[in-house]
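In order of appearance the chains are A, B, C and D, and numbering begins at 1 in each one.
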Amino acid sequence: MNGFLTSVGYDRWILPALLGIPLLGALVIWLQAALGGRDAGAAPRAAPEESAAARAGVDPRTAVDEIATGVAGPARVIALATFIVEFIVSLGLWPAFDPADGRWQFPVDIAWIPSWGVRFTIGIDGMALMMILLTTLIMVLASLGSWTYIRTRTHSFYALMLVLTTGMLGVFMSLDLFLFYVMWEVMLVPMYFIIGIWGGENRLYASLKFFIYTMVGSMLMLAAIVYIGLAARNPATGIPTFSYDYILQNVVVSPTAALWLFGAFFMAFAVKVPMFPFHTWLPDAHVEAPTAGSVVLASIMLKLGTFGFLRLAVPLFPSAAMNETVRSIILGLAVIGIVYGALVSMVQTDFKKLVAYSSVSHLGFVMLGIFALTVQSVQGALMVMINHGISTGALFLLIGMIYERRHSRLIEAYGGIARVVPMFAALLTLVSLSSIGLPGTNGFIGEFLVLIGAFKTVPIFTIIATTAVIFAAAYLLWAIQRILFNAFTKPENEHLADLNPRELLIMAPLVVAIIWLGVYPAPVLRRMQLSAERFVTVVQGRATSQSRVVSTGERPR
Amino acid sequence: MLAEALFFSAVLFTIGVVGVLTRRNAIIVFMCVELMLNAVNLSFVAFSQVYGVAGQVFVFFVMTVAAAEAAVGLAIIIALFRHRQTVNLQNINLLKG
Amino acid sequence: MNLAMPSVFDLTQPLQLTAALTPDLVLIIGAMILVVAAAWRPDSAARQRVVGWASIVVTLLAMAAVIYFLIEGYGAGPGPIAVDNYRWMVDIVILLGTLLTLMLAIDDNDRELITAPEMHVLVLLASSGMMLLAAARDLMIVFLGIELMSISVYALAGINRRSIRSAEGALKYFLLGAFSTAFLLYGIALVYGATGATNLEVIGQRAMANGAGGPLFVIGIAMLLIGFGFKVATVPFHMWAPDVYDGSPSPITAYMAATVKAAAFAAFLRAWLEAFPSAFNAWHPAVVGLAIATMVLGNAIGLRQQNIKRMLAYSSIGHAGYLLVALAAGTSQGASALIFYLLIYTLATFGCFAVVSSLTRTGAGTVRLEELAGLWNVRPWTAFGMAVLMLALLGFPIFGGAGFFAKWYVIQAALQSDTPQTLLVVVLVLTTVVSAGYYLYVIRVMFMRPRLEGLALPVRSGGLTRFVLVATVLLLLILGIVPDYVVRLTSAGRPQLRSPARAAPYAVGGGFAQPQPMLRR
Amino acid sequence: MLPASFALLQEAAGVAHPLAGTAARWMWALPLLPLLGFVINGALSIVSAYHAGPADPGAHPHDAHPSVEERHEAHTGHDVTGGGAHGDDHHVVVRHRFAGLATIIGPGVMVLAFGLAVAIFAAMRGAGDAALHTPFVQRYFEWMPVGDLRIDAAFQLDQLSMVMILVITGVGMLIHLFSVGYMQDDPSYPRYFAYLNLFVAFMLVLVMGASYPVMFVGWEGVGLCSYLLIGFWYLDKANADAGKKAFIMNRIGDFGFLVAMFMLYANIGTLEFEGVRAQATALGPSVVTWICLFFFLGCTGKSAQIPLYTWLPDAMAGPTPVSALIHAATMVTAGVYLIARSNFLFSLSPVASLTVVVIGALTAIFAASIGLKQWDIKKVLAYSTVSQLGYMFIGVGSGAYVSGVFHLVTHAFFKALLFLGSGSVIFAMHRAYHATHSAEDAQDMRNMGGLRRYMPWTFWLMLAATLAIAGFPPFAGFFSKDAILGTVFLRARESTLADAHWLGIPGNIILYACYVLGLAAAFMTAVYMTRMLIYTFLGPNRSGERERDFLGEAPWIMTGPLLVLGVLSVAGGWLNLPESIPIGRVGLLEHWLDPVVGESTLRITHGAAVEASSTIEYSLIGAAVLIALAGIVVAWVMLRPERLVPKREARQEEGFERVLANKYYVDEIYDDAVVQPTVGVSRNLLWEGIDQGLIDNVMVKYIGTGVPRLFGWLGSQLQSGQVGTYAWVLVVGVLFVLGAFTIR
């Protein structure tokens, strides 16, 4: 397998290809639409300018159910095909990745804007590898999950999904801070449109909130990135550099500056994670987003926040991040998020909102794992990232499926439906259990590793965080009881149809992943081992060396 | 002598400013602006006593420009007058917010 | 033209001075010829178009001259005008804006039934004034340039004689403009009184020699700051801008918002870098204050607007604040950032006004935001273009094209100064978030709202308007991916500073003392 | 990759062990067999219930579905309905279409597993005592290899897990067989067996795991199955509630389990039993106490001890065989197993051990007292289970690990028998009520009475079990209970526990007190068990005239397992005869478990073997027997079944009776003190207050967007359209700029 991959030069083109394929797919969709594809199945009609409907201001295309007219067909097929190709191509990363190699793998380094020292540097390590695989998998499922959910303007929808993929993958691959920022922002716009156009009733509010929240953080990060790039500038030419490796090895900023810079990065990532109290955009965005939007948001985009902490914020400014006060505050927020998210999700009436708040809780575990700074906790954090992507993604997909049938996300609209939709019930139960963290499912591995690792360094926080296992069971079991079980009191649910084969196909890989990662996570853990270890050693090493530099640098005066 | 001239210039300028602030007739306001320009001209002339001819050259430029400005300005005022039948600035508030 | 021109002009020689002014003269002479041509026959729509096209040709000629000078890399000795890349780069921005204005104006005049061909001539004359401003190295030239520009633009603002709004805007612009000119002039007089010179270079040298300069000098700078601040519409000297932008014909609004601002900023920056670096500590707090007030208020008031032209007016005020950040850095790198920003901002602004112009119903003069609702459904490409432009103004990477790089460059320049402008940068990024409130609102209205009941479809816009829209959007998008060439161009385009200014010892293109023939490499 | 590492790991670990070549090498098949059963039964269940939805579920929501009639027919035919045999929906009895296959698979895998267990047991016996001083560990693959943390998927076979395996597979097999009859008409028949199989698989993982995390897999897994089975008839809200309550209460306990594991790892870096056993003595005394207490928190959840016991009575909502298997014989004893397994930790911490004893004793008496006034036959048994679990904890807490396990085993026999017997009774009652379309409560003893005539086999077997639980010699319970009470008495005289202090009270006083409590609980046990027997089987019948005709013995598939359990309940005591009653081979179990718990037992007794004078021994035995007899007699004399009226005519209890009938209102107290405040705080304070109020409104809306809007409003007010105003603003700006220039 590896021999074959090497023979086709896989290690050289893989990462650019992963970024390029979705763009290519988007281009094909656009061409298909532009070449009249949009109108292919629609009833013949006059040019929009002339038609009476258009004159009356009624858009002939907004209300068109493109599934029924067949317009959507090519778009979703192209998108799905692209995502599948992307996924298959990305699968080669699994065997080709060398878990024992601590360097960046599959690196590509091209000058981009030489005058500003900006380079197109990409490469991955173990944690990026897993995130990339998660992304490519989830995108296939998300597009399948939108198959009939998205009924209007399908071309635009799928094109945006494809562009979004490039942005997210770009963030995971970037080894240049400038590129990182660009990719970080790139994924914002498609998601804004996805929520804003295909979302629920309150979509305008939710999409704007999502955008503005994210932007507050990312703009501060922008300023911080410029600052570090300039701090790392070449003294001879004065050209800044944004190379991650170079900055990591060479740049030492004053402790005060480090604190401010870390603060800027913290804002960007904490909003994205989202950490309490920056989380309130999440429930709104999740609730209003279409299924695919929620899935991508939960499965991947939230991980970008924690990924940012792991990749940038903490390793670059360990003296600030691991400053006792700062660390305690962040750990405190993480733990508050864990418990708070669980408690608040317990009282939600909207199932999507419930899952959204549960994300706050789960991502709190990731933050706890990162800032506890042990190999186990960091590995656990990475596992929680993956697991949350799988489990919560699956939950949102399931909610989307039932929403398509019943057009309600309210828990009280259901009850006892396990009788009419047994397959749905079985899958929802399984996925909920994995989200609860039942041993034997993926959810347990991550939480367990985070907690057992964190206990070594921050026992009190860990014990508080552990109580979430209780609340998690409370909110999810209570919810699925009210949806699946209890008396069957809503006659309108009598005609609910069970999942169709396509929907089963969506769930199948997730179910496999839930069990596989729960029973045999070792291959995944092995691949992320070096990333986690390097994170811990780099942070510890730099934290001490930075404080040493500072102390020796200031004392002589 | 210089100080007196400069003071006088400053007073004239201030009178112009106050005129602009207090008067409501567009033409009078414009005249006040002209007053301010001429106040500045006075300064230029005064300074050219010290530094040579450049200041006086400047004054000529200013006068020329002021004339051109007056031409365009009056044209605009007339254009507006055609629409509103008034040049009272208080009534001219269609554009706001 | 004298083919044996020296590579460094001696500006004391009238012939060489004239040669150094060639591009400006091309424009002025062209304008003179056209004004005669315009007056030759009665006004008509056809003449308007012909004169418009002729003006475009003149502009292109001037542009060619500018590019020639840029390629040849001429320099100049001491004198009233500068011959450096900075001037040529600003000229390119100005001429680009002129070109786009003319293109939009031809179509817009058609729709608004403005038959006056002298409109195009006035644009050319205003642009000549701007080019003078870009070249000015003497406060006298600055004054002449500003007045040439302003008087033409007063007339342009009121060019639609049928529109009361246009007339009102012109009157406000004129009265307040003249008022502020008096301050500018007073500032010139005081600086002249303090240093005995009007040449920027000489002022800089004498101020350096005398220390920070006396109260006369400082008050002079303050007055100049007020004068320039008015021209570039910084808070609190911005009050005219929304009303005038609102009242003027859309192409002229774009011209004022982008090109006038560019020219004024060019002179503003040159004066500040060449004449007043020694007074940095005096003017810096004021500039910082103006910048913060401008960024905050411009964007905050923008949030309230329902009229797209007014919204863009406040947006342009906000951008003036961002440009002030580059200026506050007080470095030659700030100058590069400023040029780059102006270029991108010009593209984005004209793109926006192309959309506005194409959506304006005859006689309405403007577009209300709710008219954009559901634009995606009826004019998908216009909506797409507008979205790109909005994101460009917001400073968003990739989707907003080069808008992000412009902002990036300003931030970089601000932080790279000897005294990093961290406060300004923070305010900049935060107010950018505020500005997202109205930029995104436009996108939201276009894409996520249904079209208003009973609203007729916008009429098909003219070819030139569409060309402007497509060209600006494409340029923005392309520059958003491969900006390096333009970055190098602008980073070479710094004022040639002879006096030891506060310029950071930073150079990408190999220093600023010697002019660099950028395009030839 | 997997098979290779599998073989490798296995070889590395097992090559030297005497069991390596024997049947024990197949021990991985023990949990896999029921797991296989789960997979097949689960597939049968879901396949039979699943009807693929339309390809486009969102299209035309009302036309795209198959016709109502068609689907309805499909449902009543063979769908997974939550109604079940228990509900009052009087459904048409149609056997599940895969019932035959499920019958073969479900109990079949259990028979195979039990056979394998017996073979392994034989192999262990064959290997001889001396060879088995280290457990036989099989490593399959690395489960969580992270840094210095290494958790393998590994099973461990030793004497203790062997006992548990035999109980689980043996009793489990019998209950599976019983279920074939009991659940025969249930429309979700395969689903039932799927869950039951899965439970056994997890239970085996629990007892076979070679490390705490693997055990935890089983620990939570059985909790899951318990949840699923309690809520098996999920359309009844009470059932679903009970399942959820069980899971959440167990989770509270699991929290303790987790924290204990964290502390272990943080302090000694390993979580494998052998590793912990080797390094346990290196732990500081307070650390080990905390670890044990957290583990015990886990036990209180899983084994239904104070304060987390309330889920177990509610768990009776599940099918009765489930109550027998999970909530009596196996799962709920996992806590006891955990302490017995962790004997090397608990024996190091007298304080934690005393806590276990105290909680056990309090639970024993508390639950027994509630059992006195319950009318639901299963509730009586449920509280009895809680109470008996208390005994087991008294045993393992006081360091009598063998006695605790012994009682666990005998309790598994007689309590399973009691539950299955009650199952038979309920089955008969339900059948009768079903036949007459009556909505009466088939589980309430007030509706029973005189059933001896209709189901004599069941009566006699229940009688045996009752005598066993009451501690009547020579039934199984007598020996095990006596062993526990006797040990507590002896420990009070001489042990590390007696020397320690618990909350300032000397340990020996506590132990004596617990002994007395144990005796009192034994008395109550005898009373309420006799009461149950009398009300159910003796006196006049209160079922109703018409129903009487339908009452009768259950089919052989149900009574057969009862018979086997009956024999075990009678003879189970011979597993571990005390030396004082040498009516067979003495101390079999004690000898068997010695390699596992012997060392720890000695540690608690200061290294001395348990020795007591025969006088004390016999008087202790005498006391126990007397107490049991007294209880039976009191019940016999005081209770008047002929005065009892059916449930619908019953009056409200008064006074303390009412408190007992309402279980001391503990559920209500928990609800008011914990559940409602938590939900209320979450909703009103956290969500509406902080999330929506403080963050969204105050921070974001008022401050975040309000401040820019305020500026915008102000600026826009100034923009009045008046040139005069503009000029004023300009001049004010001039003044500001001039002012700024004076700042240096």
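By definition in this document, a contact is a pair of C-beta atoms (placed from the backbone, for glycine too) under 8 Å apart; a residue touches a chain by one contact, two chains touch by 3 or more.
The shown structure was predicted, so the numbers you read here are calculated from the model rather than taken from an experiment.
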**OP:** Point out which chain occupies the most central position, where each centre is the mean of Cα atoms.
**Re:** A
Subject >> Centre distance in Å when chain B and chain D are each reduced to the mean of their C-alpha atoms >> reply: 95
Original post:
CA centre of chain A versus CA centre of chain C: separation in Å?
Top reply: 41
Subject >> Chain centre separation in whole Å, for chain C relative to chain B (CA means) >> reply: 26
Original post:
Whole-Å distance, chain A centre to chain B centre, using C-alpha means?
Top reply: 63
**OP:** Please set out, as single numbers or ranges, the residues of chain C touching at least two other chains.
**Re:** 171-172, 175, 179, 242-243, 304, 437
Original post:
What residues in chain B touch two or more of the other chains?
Top reply: 20, 29, 89, 92, 94-97
Subject >> Residues within chain D bordering two or more other chains >> reply: 716, 719, 721, 723, 727
**OP:** Report the complete set of touching chain pairs.
**Re:** A-C, A-D, B-C, B-D, C-D
Subject >> Residue ranges of chain C touching chain B (in the complex, touch as defined) >> reply: 140, 143-144, 147, 151, 154-155, 158, 161, 164-165, 167-172, 174-175, 178-179, 181-182, 185-186, 188-190, 192-193, 196-198, 242-244, 246-247, 304-305, 307, 310
Subject >> Touch list for chain B against partner chain C, complex >> reply: 6, 13, 16, 20, 26, 29-30, 33, 36-37, 39-40, 43-44, 46-47, 50-52, 54-55, 57-58, 61-62, 65, 68-69, 72-73, 75-77, 79-80, 82-84, 89, 92, 94-97
Original post:
Given the complex with chain A, which residues does chain C contribute to the contact?
Top reply: 374, 377-378, 391, 396-399, 404-405, 408-409, 411-412, 415-416, 420, 422, 425-426, 428-430, 432-433, 436-437, 440, 444, 447-457, 460, 483-484, 487-488, 491, 504-508
**OP:** Could you please specify the touching residues of chain A with respect to chain C in the complex?
**Re:** 48-49, 54-62, 112-116, 181-182, 185-186, 188-189, 192-193, 196-197, 203-204, 207-208, 211-212, 215-216, 219-220, 222-223, 226-227, 229-230, 237-240
Original post:
Okay, in this complex, where on chain C does chain D touch?
Top reply: 171-172, 175-176, 179-180, 183, 218-219, 221-222, 225-226, 229-230, 235-237, 239-240, 242-243, 281-283, 285-286, 289-290, 296-297, 299-304, 434, 437
